[in-house]
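As structure tokens, here come the structures.
Consider the two complexes below, in which chain A is the common component and chain B and chain C are the respective partners.
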Partner chain A sequence: MDKWNVLKKLGTKFKHSSRTKQGQVFFTDVTFSLIVFVIVFIFFLVLWNMYMEQLLDNVEREEMELLAFQVTDIFVNTPGAPNNWEEGADASNNIMSLGITTKDRELSPSKVQRMFALNYTELKKTLNLERYNLYLTLRHSNRTIINQTGFIPTNISTQQVSVRRLVMDGAEPREVGLILWK
Partner chain B sequence: MKRAQAGVEGMIAVGIIFFLFMGVYLVYIEKQHLVTLTNQELQEHRDCLLLSNAITTILILGEGSQTTVRIKYNQTIYPLQQRIESENSFCTIPVKSVSNSGYSSTAPFNLAPGNVVISRSDWVKVQNG
Partner chain C sequence: MKVKLSKMKLRPKFMSSKKGFIFTLDVALGIIISLMVIAVSVYFMTRGSESSLPQYQLLTTGSDIITVLDKQNVFDALNPSTIENQMGILLPSRYGMLIRIQGNFSQSGGIIEAGDEIPLRVNTLTGRRIALIDPDTYIKITYFMWVKPQ
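And then the complex of A and B:
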């Protein structure tokens, strides 16, 4: 065998072994990078879903806050509609809006009494808060409860909004509280 | 022999990568669609809450008060159900005394995109203006 043939054989061997190793390296690389890619991709999908859920929770919470403010605003600033809604025997069917004051932030005892006499389902229906649970209170200024209706939020409640409004009952300050939860 | 094997392996690898990217692309299209829908839903919801808030405020402020809000999407008000609905969203109002005439009427009515004038006469009057 001359010098050139030996070099040629060696070259071929080298080429073959080199190609095989390249192939193995290629597959190891591809497999590894695919696994990394899939893991990162799944991570982003999970993150995406988490943020979407958070976004929807925030939207719902903002709506609950707005509703709680609207409902208590109507309570303490209007006499309700019709003006004498508390007089009917079947009041809940005829109420257009539920207000408990005679004028701006001055409680009407008869309206307060009638409102707390409404059963829970009727009250939620009248306030159009059927999607949520509520706990409504009327308190003295020292926070002792005068009247209450509804249910206190449980440990499993996921969203909770609490609003307190000050009103006058004659010369006495009172506090109307509403907790909206689900 | 070895070259041919390497070719098949290469094709399999390229195939796997191709299908993987196809999958990723499909997920991308689905998520893009979802973003568009969510964006529209949020904008409709924003319009809905804007109307709901304006109606409540005008009710509280009493007779003679008026406000104008601008909405981007069609909204339908159902006074009896105390509900405002659009194509992909809805919200609620805590009052029933809403109509497009300002007087006692519980018939649902539509509001087109643009300015909406909310005023108070006997009931809360809501109409395009």
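And then the complex of A and C:
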């Protein structure tokens, strides 16, 4: 074999090997890009999922908060509708809104008594809180319970909102508490 | 001639590295902008999802306490220690409260304060109520509410 042929052979070999190398580099590049893309994509999916879940929880919680505040506001600021809803044998059918005061934050004993006498389903229906569970209390200012209705939140409750309002019962301050949970 | 050749050899190399640099800069800029957009979105989502319940609860507690004290005629004597004692009975332990009474009365130059001292660096909510302590005298009650630091 002369010098020229050896050089030619080497050149061909070099050409072949450089082509194969180029293909390998391209393949590595694509694989690396794909891996990076998939990692980033999974990261965004997980993040999106996490925030959506949190957002939905917050929306539900805010709705519960709003309902709890509206219900307790009506309790302590209005006599309810009709004004004499507590009168009559089947009071729950005629109640449009449930207020337990005679005027701003002054309890009406007859309305309080009638409200705590309503059964749980009737109470929830009247307050338009059928989707949730509730626990309603009337307490002394030292927190001892005078009256209660509904169910205390269990360990498995996912959401709960608690609102407390102060009212006067004659000359004594009382606390109306509502826990809304699901 | 020699110089020219070396310049020709150098030029493509220099050009290609510059292109790489621009590309890297482009990617870096893109990533920075994307991260900024994500950070701003996360910040606003977190702020938007903050609950307003504790603040509203705090303010309604203050309003309820002032209403109850007014109905019990606690403000009539304009005695800071009586007001503070009655307030202490109704106020939940995790809350702090300061009541400021202003009016046309001679005591303490027309300003009485009862309750805790407002701590520094704590968000305070304020409410106001006008009350009559006798048929001719009205007072302006300003109350400051805050959550006690743990």
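Everything below uses one rule, namely that the second predicted complex is superposed on the first by the 173 of 182 C-alpha atoms of A that agree within 3 Å, B and C clash if a C-alpha of one lies under 4 Å from a C-alpha of the other, contacts with A are read in each partner's own complex, and residues count from 1 in each chain.
Simple rule for what comes next: a contact is a pair of C-beta atoms (placed from the backbone, for glycine too) under 8 Å apart; a residue touches a chain by one contact, two chains touch by 3 or more.
Because the structure is predicted, anything quoted here is derived from the model rather than measured.
Trainee: Put the two structures on top of each other at chain A: do chain B and chain C fit, or clash?
Mentor: fit
Trainee: Figure out whether A:Glu106 sits in contact with chain B (first) or chain C (second), or with both, or with neither.
Mentor: A:Glu106: touches chain C, not chain B.
Trainee: Applying the touch criterion given at the start, work out whether A:Phe37 contacts chain B, chain C, both or neither, answering first, second, both or neither.
Mentor: First partner only.
Trainee: Using the touch definition from the top, say if A:Ser97 reaches chain B (first), chain C (second), both or neither.
Mentor: first
Trainee: So, does A:His140 touch the first partner chain B, the second partner chain C, both, or neither?
Mentor: In the superposition, A:His140 contacts neither chain B nor chain C.
Trainee: Specify the partner with more touching residues on chain A, choosing between chain B and chain C.
Mentor: B
Trainee: Treating the CA centre of chain A as the corner point, state the angle out to chain B and chain C, nearest 10°.
Mentor: The C-alpha centres give an angle of about 90 degrees at chain A.
Trainee: With the two complexes overlaid on chain A, what is the closest approach of chain B to chain C, counting only CA atoms, in Å?
Mentor: Value for chain B versus chain C, nearest C-alpha atoms: 12 Å.
Trainee: Please write out, lowest number first, the residues of chain A touched by both chain B and chain C across the two complexes.
Mentor: Residues 55, 62, which sit in both footprints.
Trainee: If we count contacts the way the header does, which residues on chain A are in touch with chain B in the complex?
Mentor: So the residues of chain A in touch with chain B come to 16, 19-20, 23, 26-27, 30, 34, 37-38, 41, 45, 48, 52, 55, 59, 62-63, 66-67, 70-71, 73-74, 77-78, 81, 95-98, 127-129, 131.
Trainee: Spell out the part of chain B that touches chain A in their complex, as residue ranges.
Mentor: 2-3, 6, 9-10, 13, 16-17, 20, 24, 27, 31, 34, 38, 42, 45, 49, 52-53, 56-57, 59-60, 82-83, 91-97, 123
Trainee: Okay, in this complex, where on chain C does chain A touch?
Mentor: 42, 45, 49, 51-53, 56-57, 60-61, 64-65, 67-68, 71-72, 89-90, 92
Trainee: Could you pull out which chain A residues touch chain C in their complex?
Mentor: 51, 54-55, 58, 61-62, 65, 69, 76, 104-106, 141, 161, 163-168, 171, 173
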